[in-house]
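If you scroll down you'll find the structure; I have some questions about it.
Order of writing sets the chain letters: A, B, C and D. Residues in each chain are counted from 1.
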Amino acid sequence: MTEVRPLVLLDPHPRNNAMILRPDDRARLAALAEVVTVESGPVPDGVVDQCLPRVMAILGQTALPRERIERAPNLKAVFNVEGNFFQNVDYTACFARGIRVACAAPAFARPVAEFALAAALDLMRGITAADRAFRAGEEQYGWRGNLGRESLFGADVGIVGFGNIARVLVTLLVPFGCTVRAHDPWLPPAVMRDHNVLPASLDDLLESSKVVFVLAAPTSENGGLIGAAELSRLRDGAKIVLLSRAEVVDFGALAHALASGRIEAAIDVFPQEPLPAAHPLRTSGATLLSSHRAGGLDSALKLIGEMAVDDLALVLRGLPPVRLQSGHPETIGRQRSKPGLSEAPA
Amino acid sequence: MTEVRPLVLLDPHPRNNAMILRPDDRARLAALAEVVTVESGPVPDGVVDQCLPRVMAILGQTALPRERIERAPNLKAVFNVEGNFFQNVDYTACFARGIRVACAAPAFARPVAEFALAAALDLMRGITAADRAFRAGEEQYGWRGNLGRESLFGADVGIVGFGNIARVLVTLLVPFGCTVRAHDPWLPPAVMRDHNVLPASLDDLLESSKVVFVLAAPTSENGGLIGAAELSRLRDGAKIVLLSRAEVVDFGALAHALASGRIEAAIDVFPQEPLPAAHPLRTSGATLLSSHRAGGLDSALKLIGEMAVDDLALVLRGLPPVRLQSGHPETIGRQRSKPGLSEAPA
Amino acid sequence: MTEVRPLVLLDPHPRNNAMILRPDDRARLAALAEVVTVESGPVPDGVVDQCLPRVMAILGQTALPRERIERAPNLKAVFNVEGNFFQNVDYTACFARGIRVACAAPAFARPVAEFALAAALDLMRGITAADRAFRAGEEQYGWRGNLGRESLFGADVGIVGFGNIARVLVTLLVPFGCTVRAHDPWLPPAVMRDHNVLPASLDDLLESSKVVFVLAAPTSENGGLIGAAELSRLRDGAKIVLLSRAEVVDFGALAHALASGRIEAAIDVFPQEPLPAAHPLRTSGATLLSSHRAGGLDSALKLIGEMAVDDLALVLRGLPPVRLQSGHPETIGRQRSKPGLSEAPA
Amino acid sequence: MTEVRPLVLLDPHPRNNAMILRPDDRARLAALAEVVTVESGPVPDGVVDQCLPRVMAILGQTALPRERIERAPNLKAVFNVEGNFFQNVDYTACFARGIRVACAAPAFARPVAEFALAAALDLMRGITAADRAFRAGEEQYGWRGNLGRESLFGADVGIVGFGNIARVLVTLLVPFGCTVRAHDPWLPPAVMRDHNVLPASLDDLLESSKVVFVLAAPTSENGGLIGAAELSRLRDGAKIVLLSRAEVVDFGALAHALASGRIEAAIDVFPQEPLPAAHPLRTSGATLLSSHRAGGLDSALKLIGEMAVDDLALVLRGLPPVRLQSGHPETIGRQRSKPGLSEAPA
């Protein structure tokens, strides 16, 4: 008599297996379940369809319309290995069946929060700008090189979007003694207060802050949330750190404000990536440029696999997942993300 | 009958009064004492000499050989408004008389520690390098732009010189969960342990750390402390953050190691400032260049004045100073500092 | 034309409305919905049944068998106002319908964690015991009164059950520099590590710890988890702080170990409450006695109402609740709690 | 040719050598210097006098009038092994000679701060009082047992005397999110602000605080600092934690206020120790009684020796001591301490 092992479909495209799984996690996965996968590219439709009758969990962004879910009676978990939820899964059908749906956003919380702090310090202290001046032979020494520069210690700071990243960022800011305001329309004020953060309206936050971190995930509701009117509320010399998705900001208005020199920004995400070669931001003295690098460290990618295998082990034991971020029926349909540029090497 | 007010000589050259004193602190000073000063340049010798019989405190770096001290029977405090002690004061004579001697190093602890963290994050995450690539049209998006880059979270970190700056830096590192080692030959190991830091020999520290912060003030003992042999102990890809004084490192050996690409560095201090125009470091891809900017923020300079006035008020009440850093008879003669480039505007 | 407002059934028995709702939260609730309630005792069955066709949310522990849920087509949320889930609700039916199920456990996390720390300090430093000795005229002064007493600073500490309470407790222990181990069979080790806690087996934890906090909620699996064999693993002089439910420990074995004087304990929960008048623990010199007081502060009870109204407002806006603790389909049926003694005043 | 080793006089009476020196520190001391000591009682005058010509350091409270200091030309350090400075040393003569003078107060900072937190939690949560009620068979369960009790989370807290102990206490209070005020007439307000504490006048502090910690060391200026008028400023239900010395408070006024039941207190120090057998505080329901136990843990006593040997090693290397607390010429003469009851076992 043979034991029938649970079947797991591993389909991380546009990432690939080696990007997200350390050897030890790959071995743990193999010990937990029979794994169907391909080493490069998406798992072909025919293979997916063949797995459906037995599949217990899917790790990846496989398209799951209702008809596929109906043909997968043993399916208990769909674990996206990206940081957000795509709309190629019939989540309603999943929730009705009690199928666990989760994404890998928590794997990016630390690297993105770290990048946010680094970018804020860079703008406040003028670090990249001073290095550029130095290479141009135009450096100024001592206090002369610090004109207009300030410390983050004790500064007023604002955070738009109070999720995973923001909560890590708040811990990094603690020793700086900043006054931190946060705005998140999906959360009651007490949640911010529990993190020693002042809940604030968007307008108050923009008017009060020396540094504004834009960390809100894109939804059907927040496109262009920060437009020309909002940018005009910023104090002279304010800094914006834009890390989540370009769509949350009216990018043209932001580029215009940066060209005026009234504010500065660190930008990691762009409406079009790569940014067009002739885009004026490429020579902006008021901008710290970053090419969608805030989250995608190798260690973060490997953490996705570790979290997915940990949670898979829990689901197999009849326990709820705890490391990945479970999707909520109320909001999962409002997420707006297109696949990023984080595809696997050719 | 007129009350004789205490006399204070305010002689902050090469800084000037406006650089270090906010209007409120200037007013507090005037309320505490009769102030003799000049608005620009050093107080002339003749004026100094005239003050000696009555002077109660000197704020600045006025030369104080023994004969001047002997002519100043009321002198109770010599408060240097730089971050270190110059050897133009007969400190032995001061200590014998119970004259309080202090410098303004604590005013720079926060900005320098902040800069140290910013520089470490910059090197680990490749922030300035990626901005430069972006401006050259050579940026790589997502994980491709992060090859060889790492997070500071959980990294092994080493600190050479465990004084004011290091102790603030340790608090900034706490949320990153780093393993922090420190080396300081003037301190027993328990002092490090009390700050949750592992005491280490210099060799152990260099071999174990991903990031090495060089924060040791220059003394008669630590010139060239980190030379070619020490640099060779560093791991491939290690980062050095050099902030205190260039003399602590064999600068030629450091430039050589950077040219090899085996390590990276952030450098804020140079053996010669300005750095010669043709110096190869100016085009080093492995170096974050900073022109002696780590400490000299306007807010730090103003903090000097605030601290000096606070401590002066204490001394006038018969209490010990608590904000500036008191000099120790045992070590004050070993300090090696030349005046920096932080002079006042012309 | 009249707007039909959502209907909320407020049925907090054995608590009552005034215990859990501050006037401002009561007013917020009234502004959000039409509220059906009684001021004392449970809402009568007839009233409940009458509400079912329109009820949108239930705040309380109303019995909800399948037939009631079926008659409540608009029901979106069942918010228990106790710290755990009772088995008088057909949770399977709730989850199938997407009805949000939550309990008020987070309201108790801070007061219980605070009590846990206080109890640990009391046992380590002998505070209550010394007060008792003082009243008996038997106090010893200075070091003589501290024989056998120790500091919590740097101590090895173990936590059984790594949920809400444990995570707050860990933050309270941070400044003490303790080595903290935790055991929780429902969590992967990385969750503990993310909180700077060492994951440990129960045996390792018991053998290594100077103080053991028992915080695990009772389930169908952990009755008598800590029995005579486990207690025998404790070091001489170890302290147990028992706060969650008495059932997790073999209470007889614990009482026996305390009578031997080999270990000490703080006990807040008992198999039978009130503890029988003649129970030997009542005179135990090795025990700090507390009558189920760890969580039930007035401020915690009021927080329940605040959290419930906050989450109700979210649910009415089509958003997921964030302050109460959502029940998990996988584990909600394993919870074992009987109603406590926290009933309302007569 | 024999090397002349430095001579150290070890005279810790009323403590003894074994109380303050672990075997490893005793061995380190022996490796550093030739040690003259007696195992019990004070070192006899004759032995002291014989040592004077060669003695390099004295560890203990040996009487050192001017004439003895004059006969000790090699004396470089006088390290008291108590927590405060006695007036049996001619400190003026020491300072004039550059002799390092220090006491062991830092060894007690952690245990006393820990005790302060424990006592505050005890009073706020009613822990000892509830244990007493339980033993009397009068315990109330759940919220009924918590009437009038509150959480320390978010409470207003005041600290009188902002020295070693207060600074550790502040770190213990951080996770409780308290608003902390401090009053210390010897410090400028910025020192408190640097520790995230609000500087306050004594009256403001008393009127604003739910818990008042009295940690001020006794001086010639602060006897009876908190008298009947000050106690009357306290809010109803306020808690006092009295840990430094009874003299700072008008003890009769305090006992009177406690008898009224309007406030509660934890008291570790008394004007007369032992407290007279019939003193009404011995039966006070509003008082947590502690017999001078806050600091004198075995680990704290051993830390004294460790610190003294560490600092002795520094002094022998020509470096300043860093672990013990150096005395200040301005204030050392104002300290008022009588020897405590911490004497060695007979």
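Here is the rule we go by: contacts are C-beta pairs under 8 Å (C-beta built on N, C-alpha and C of every residue); 3 or more make two chains touch, one makes a residue touch a chain.
These figures come from a predicted structure and were not determined experimentally.
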- Count of steps on the shortest touching-chain route from chain B to chain C? 2
- Message: Let me check something: if the centre of a chain is the mean of its CA atoms, which chain is farthest from chain C?
- Response: B
- Centroid spacing, where centroids are CA-atom means, of chain B and chain D in whole angstrom: 34
- Message: Centroid of chain A to centroid of chain B, CA atoms only: how many Å?
- Response: 38
- So how far apart, in whole Å, are chain A and chain D when each is placed at the average of its C-alpha atoms? 51
- Query: What are the residue numbers in chain B that touch two or more other chains?
  - Reply: none
- Item | Contacting chain pairs - touch in the sense defined above | A-B, A-C, B-D, C-D
- Of chain B, residues touching chain A in the complex: 19, 110-111, 114-115, 117-119, 121-122, 125-128, 130-135, 137, 139-146, 149-153, 171-172, 174-176, 273-274, 277, 282-283, 288-293, 296-301, 340-343, 345
- Message: Residue numbers of chain B touching chain D in their complex, please.
- Response: 95-96, 98, 186-188, 190-191, 306-307, 310-311, 313-314, 318-320, 322-323, 328-331
